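Given below, in the form of structure tokens, are the structures.
Common to both upcoming complexes is chain A, partnered first by chain B, then by chain C.
Presenting the complex of A and B:
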């Protein structure tokens, strides 16, 4: 997957899970204020990302630092690249 | 003691999803019972059940809001919203410490099963997601409604088996009567899925009149052979009477008396005097006599032992001349945790529309019900004083005395 494809897949998955308008999602969109998510939603966000990209998220610390959609894009792209390098 | 007014009600039941639809079914004596082929395939002794049809879970709520709610909690929300709309209370008038929530509910089976299945399938608790912990609690109705309606007073669920809804309405009325709350949104909710009913089916307590589902539930009839499980949600808005008058609300009726008792006896067989102690207290609290009562909305579920015990209890209170008695479970089946509250909603609908609904499928009395004035046909007269009985496993009894005018 290219970086752009990963970003699109993330936006599609998140928009579907949390019933958001995909057109309003930008890298600067904040999870809590702009998207209206809460700590419970983050639990489900992890499940959504794991299902969409076939990896396991075990970096609890890294997840807690995520503030914006752009942070998610970066996190997932890095995970995918790590996965590819291992393969 | 404050007077307690009924200023709104709503219901989702196998008789319909609006007050109007339910009123029509009650008036016409229509049954909401179906034959569920899934239960038959699973090995149920009785595949009969009430069924909620055409209810849109997402009509009022988002996916995120539904995540923490099983279907019966969503139905309770819709019933509560309908009741609030009828009461014409604005959101601002309920978003305060003087407005409470009390519902009756005694199980939330599906979420408990799903979370275990997910863990076994996925191998880690994380995959269960965030909603199940909330969905699986019996207090899921009040915890979710409190969040959605933003009330800030009482917020809890009463679990007392099949009298849960009756005690919930009763305690709500008490909180207002004692000055602890100005208004309480109350009711009962009952899941209708097969998963929650399989162990009950194991008791051989359900009707096996499979060739004629709509005639299977026949409370007080000599040929009754068991109950039919059912469910949904019922909600009422109760208010301090003087405050309801002051804001110009339409007052549909009053909760004049709420009494409770317990049998202290068998876990599943009702006693010969438990319910009558609650009935006598409720009548006494209302300051009236048994002869003043126009209608008894019976608990009778269509089981041989339960109906006989209730018939004896009613006879003991009223003597040889009982008021008209009917069990609406002849149409709805047994709405279990919800039933004590739904009886109040059904009573309000009947009083408002000027009739007493029939105890359908009553063709021949047994030696106990022969002593009662069973309303086998609709009575086209608005009842003023109504006594609502409900009773649950363990011998817990609730009795509500309602007055409509």
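Presenting the complex of A and C:
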């Protein structure tokens, strides 16, 4: 997957599962203010990403630092690259 | 009639929640679809012998231990007579393949002593393992009421290792590993799936002490009955909640029963299966991410169970349960093996409050798939071919028991059985999970708090299974309403 494909996949999954308009999603979109998520939603977000990219997320610290959709893009791209390097 | 809280489901988590809320002065109702509260705890009686279905024994009920403190706080203890399982061997481990047998004791010191005597080269592994279990238990706010309360991490378990990974890192001794993971039968998740911390929270209580209640789960159900009356809790039995009602702002405003009655309330504690709870709310209540997450949760193992009446006493099971393992090597695919190659758990059944067992219960893990052909049938109305199947299960279980438990040979004068279908219908778990939804590494179970104002969750799915897990889930959920510090302070006063 290219970085662009990963970003698109993330946006599609998040828009669908959190019932958001995909056109409004940009890397600057904030999770808590713009997307209206709260701490209860973070686990749902982790599960959506795991299902979309077939990996398991165990890095609690990295997830806690996520503030924007762009942070999610970077997190998943890094994780995918890590996975490819291991393979 | 307007209630502060309506509790859905009168199992241990629902009953505990109702008592906690009422003790704090809230006006509480509890709704249960069966004719009496806590049907699973009550079990049933055949030929004068009482068979427990929801409670066999528990850890942590010794004087001053977590469940003892909880029972005293709830006012249940005065109505219960408890007894200790054998300190030298509350659970007997028996491996068929190589004849290995071990009597698992209670008390950390005795456990260490017996394990090191049995495995002299493994003293370091034994010490490390027991210390790890103690550390986990000591860090849990309701298992250790003396520590500071930290809001449990919302991402708990993300970096957790499985029990299997943990044991593999400690020792290569397969017998020792089998002994330290045998109790996975008590929560229905294989060692390769359960997190070490979840395992530790459960077994740590049994390592302290293993106790039974005279008269079994029925005595506990009766104790709850008394306390519900004492605290003026309205009980609606034989009633099913068909809808959780929401205000225009989306907060809980009441529940509607199947007979049309509406109970107005400002809070609702749902202790039923989380997926069943979803069906009580309008579809758009939760975002798909949450609904899908709940629908994807995997259940614990199901089981075949045999209930045997004996014409003579069975002292062998008076203070010990027997765990028969076909082979110590592999506990990973417990649910899918043929019955004859599967493990078997045996526990005593008594006449009333007598102390000599006059029967026993045998439980063998199984998967719902094995009975899926009859999934559209209901209790009491199963087709003839199911009865043939069930008779075959009884014959095979009896044969299995005769082969590997010579102590019980010839004792079975009357038998009955249940299958994963019965478990589904009595446990109200869609796939017959013996312990509801499982707690495993990589699966994120729901939190007690939901996005709906006034709607809280408790039950096995939330914290852990068993009487202790269900009671703890009520404390953890109600702590969000009543304040954890206050609840824990009041518990400390009972310790």
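Please note the rule applied: the second predicted complex is superposed on the first by the 87 of 87 C-alpha atoms of A that agree within 3 Å, B and C clash if a C-alpha of one lies under 4 Å from a C-alpha of the other, contacts with A are read in each partner's own complex, and residues count from 1 in each chain.
Throughout what follows, a residue touches a chain if its C-beta (ideal position, glycine included) is under 8 Å from a C-beta of that chain, and two chains touch if they have at least 3 such contacts.
As the structure is a computational prediction, the values presented were derived from the model and not from experiment.
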Which partner chains sit in contact with A:87 here, chain B, chain C, both or neither? Use first/second/both/neither.
neither
Taking the superposition as given, does A:19 touch the first partner, chain B, the second, chain C, both, or neither?
both
Counting residues of chain A touched by each partner, does chain B or chain C come out ahead?
C
Indicate the residue numbers of chain A shared between its chain B interface and its chain C interface, in ascending order.
17-19, 40-41, 43-44, 46-47
Enumerate the contact residues on chain C facing chain A in the complex.
153-155, 158-159, 287-290, 292-293, 296, 442, 444, 447, 449-451
Taking the complex as given, what residues does chain B use to touch chain A?
62-64, 67, 126-127, 129-131
Complex contacts: residues of chain A adjacent to chain C:
16-19, 38-48, 56-60, 63-64
Which residues of chain A touch chain B in their complex?
17-19, 40-41, 43-44, 46-47
